[in-house]
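Each chain gets a letter, A, B and C, in the order it is written, and its residues are counted from 1.
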Amino acid sequence: MKKLDLVIIGGGPAGMAAAVAAYEKGVRNLLILDREPQLGGILEQCIHNGFGLHRFKEELTGPEYAARFAEKVAEYGIPCLLNTMVLDLETESDGTKIVTAVSPQEGYLKLNARAVILAMGCRERPRGALNIAGTRPAGIYTAGAAQKFVNIKGQMPGKRVVILGSGDIGLIMARRMTLEGAKVEAVCELMPYSGGLTRNIVQCLADFGIPLKLSHTVVQIHGKERVEAVTIAAVGPDRRPIPGTEEKIPCDTLLLSVGLIPENELSRQAGVEMDPVTGGAVVDENRQTSIPGVFACGNVLHVHDLVDYVSEEAEIAGKQAAAYLDGCRMDAEMFPVSGKDGVRYVVPQRIRKGAAPFALYFRVGDVYRDVRIVVECGGKTLVSRIKKKVAPGEMETLPLKAEQVSQIDGLVTVRLEQKGAE
Amino acid sequence: MKYDVAVIGGGVVGSMILRELSRYQLKSILLERQEDVAMGASRANSAIVHAGFDAKPGTKKADFNVKGNALMETVAKELSVPFCRNGSMVLAFSDEDLETLETLRLRGEENGVPMLRILCPEEVWEKEPAISREIKGALWAPTGGIVCPYELTIGGIENAMDNGAELKTNFCVTGIRKDGDSFVVVSPEEEICASYIVNAAGLFADEIARMVGDDSFSISPRRGEYELLDKTQGTLVHATIFQPPTKMGKGILVTPTVDGNLLTGPTSEDISDKEDTETTAAGLDKVQKLAVKSVPGINYRNVITAFTGLRACPDSGDFVIGPAKGEPHLIHAAGIESPGLTSAPAIAPEIVRLLGEAGLPLHPKEDFCPNRRPFPKFREMSDEEREALVQQDPRFGKIVCRCETITEGEVLEAIHRNPPARSVDAVKRRTRAGMGRCQGGFCGPQVVEILARELGIPMDEVTKSGGKSRMLTGKTRGEGGAI
Amino acid sequence: MEKRNLTCIVCPMGCALTVELEEGKVLSVSGNTCPRGEKYAQEECTHPTRVLTSTIRVADGVLPVVPVKTAAPIPKELLFEAMAALRELTVPAPVAIGDVICPDLCGTGIALLATSSVEKKEPDA
């Protein structure tokens, strides 16, 4: 069995940044595994621009952003096995990890690793279609599958489109399909606000006069062989369709953009403790999971809206995996972190006693204006920050300085406070 | 081309009959109106091998159910189709229900169902801890089982074809006429000659009968809506859990499937359109509400798909098995509603016997092979088996569907083995690619590409399930000039 | 006088801006909470521009298309004209990231660049 120090599962933005960071910290016996024929993950099909503003201070397209990291991987000579699917991850009693993978070139593989970084990314939630009544004809796709068809395979999934869900991929595809000559009739969003970035609502919908129907959903799909129409309806505060508001829209395609779920089948199988809210692993500030030597970063940990933050998080995991391999003990006492009063989740979920400065990443559950974000521990306020607006579609970050981290001696909570309401 | 027998209808009944015919020195053909087999009731039903306590003693349903149940294990084994005798339970929620159970038990015993027993609630919960605390008892039938209906159909047809039978899909029978002693079976595109016909046309069996002047029965569709849940829910119950039957059917059941999912449903609604497979908001709502009455812990956030099946209900209330009125060379296997899947292995030899009685010479084939080569299932293999398979054919090392761990090799088998898959759904039924929790989001584009390559057609001609169900509408960049 | 409503995209606040225009000139901007909003409204109302990203047909490549972008934002009103122009283009494989596909797209003086690489397909044996 091949023996490695570090195996990185996934060669998308998270996996590449983690590998590069680990390499720069001295790890040499490492390997990236990816199921696609090239590195880059989902970025390869995200041909629109807007990536890298935070990191590179310029607007790159997805493949360009990926290329920056792929070039580093190549420059360092970090080995990659492509077209390779990881099937299983196990931990031996001595802490060694066994990674089982398969590829047409390498066959059925068992790799022995001292540390593993989980960087499998996320997948689209298909659930949007499930409770829609009607038929199941051709022409129903997730926005990401449609994106792959258009941008990689050069094929149009349809000509007259309704999009359910206003996640970013759905918004991006509304513009993309329009530019390719399709007519996007409407984007329906169940919630009273969009799950996508404002920039995308303006530049992908408003630019092309595509209506965004908030508090609307698709209630029926029509068509026996191919989609012929969908019926949409307004929803009430209980998110149930309001009878009498139905509107039938002729179309040949229904795209679903109803959210992303971390791709954690492997992590669950491996016995990693999961956070039911993020759908990802529970990690400490080093991005180490409940299994020593197994780290997680990027969208497999929690869904990010900007790839820049994925890279940032992956670098933490890469560096810390290197430290772990150097024999750095990471089993100090842990303090839990939790969100309340509008804060839906916080990553990391745990902080080790004596941790180095780090940042908290979190998401809120609704749109709030003029709020104060408060980070507390045992009655002490560690940090507080005023924000004019927070929304579920935009991840928030809050860095903690050394003197703030040093005050942590118990449960850390992150909460929202209406400004002025002390 | 002249055939001895033409079987009309590629559902599980047609499949089992074709396979039975392939045991004899006959030229047999199966005619299916759709682009694939198992497209009607055999595609979407409860997938249950019933014990046999439901049907009234003395009916064909009762007879074939119990016989079919006994045969299923062997048939499934020969055809390498997964079958599990997981047992079934009918729950009682009231004293009145308990009386119903007693009636069912007595009826079952009269039908010859072995080992039936009424359990007290504690015995039920010991076997099935997830069952409602509201129950008063249950009828336990250990011979109940589960099988995948379309795998069984596909398996039977493949085995029949390996033994020399033929299959014609996209053959929609629009007329039957006599030419001397023979039948000419007509479709809009072509005609086929056969000495005998078996009518296994499911919902359309009455229309086939009328083509030879037999109007002795009619078939009406009964809609049943189902919801299929993720494998995380598949271990909630081990047995098939029924509620007490009503005149509309056996009620809402909760059952594991042979693939490890949880299936709930069906509703039961008489409709008129024989092709109306829409799901309805009200129907799915009803499935959920009633299923949690049996098993309160079902988490419907884990639904992976909803579907509607149409059952072919005969006006007679019983299976229509026998020669057509005024046409002894056409044998009906019609009105095969529930327990049709269970009964199919027993109906097939009876139909062949009837054909023999009608004059068809039945000479057994010496080289008939009852066994079908197993369909490789990478996900179920051991490390050693996987290693050997990938070494032998690297295409089994390419995972196409990550949710269900389906390899390119399996997709290729689906396309190149009989009956051949020609569409995305046909690949899905044979391999499970696209049947997992992402519902084809990842593997969809790959399956389309593989189908296009293997069938030698452009990607935009690949369909979801034949006809006009094209997946794509054309290239983004047609042919254009150079720079 | 003409009134236009915009959503500012400079930051996640998404301020609802109201712009008053006369003969293409911005008279006033309201609804913004910072000066960047005013600048955005000015530009958006006088000469809106966008980076166009799409794909170009590749001849003999391992993939049928290669992604491209305009090297700089182009006038927004030219988006569909530019799409029509690049629909006519074919680039032979191999294509490398950063390759100039077309030096001047639709007379804008702005180049069209490949944003990914596509290798040449091995001829069938």
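Convention: a residue touches a chain if its C-beta (ideal position, glycine included) is under 8 Å from a C-beta of that chain, and two chains touch if they have at least 3 such contacts.
Keep in mind that this is a model prediction, so the values were computed, not measured.
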item	value
Identifier of the chain whose CA centre is least distant from the whole-structure CA centre	A
Pair with more cross-chain C-beta pairs in contact, given A-B and B-C	A-B
Where chain A and chain C are represented by their mean Cα positions, the distance between them in whole Å	26
Centroid spacing, where centroids are CA-atom means, of chain A and chain B in whole angstrom	39
Where chain B and chain C are represented by their mean Cα positions, the distance between them in whole Å	52
Where chain C touches two or more other chains at once, by residue number	55, 57, 64-65
Residues of chain B touching at least two other chains	475-477
For chain A, residues that touch 2 or more chains besides their own	150, 152-154, 180
Residues of chain A touching chain C in the complex	44, 47-49, 59, 61, 63-64, 67, 150-154, 179-180, 197-199, 201-203, 206-207, 388-389, 391, 394
Contact footprint of chain A on chain C as seen in their complex	6-9, 12-14, 33, 50-55, 57, 63-65, 67, 69, 76, 79-80, 83, 97, 115-116
Chain C-touching residues of chain B, taken from the complex the two chains share	475-477, 480-483
Parts of chain A lying in touch with chain B, wherever the complex brings them together	35, 83, 85, 87, 100, 102-108, 110, 123-124, 126-127, 129-131, 133-139, 141-142, 144-145, 148-150, 152-159, 180, 219-220, 224-226, 252, 265
Touching residues (chain side chain B, partner chain A) in the complex	275, 277-281, 283-284, 301, 303-307, 383, 386-387, 390-391, 394-395, 397-399, 402-403, 405, 408, 437-442, 444-445, 449, 459-460, 463-465, 467-477
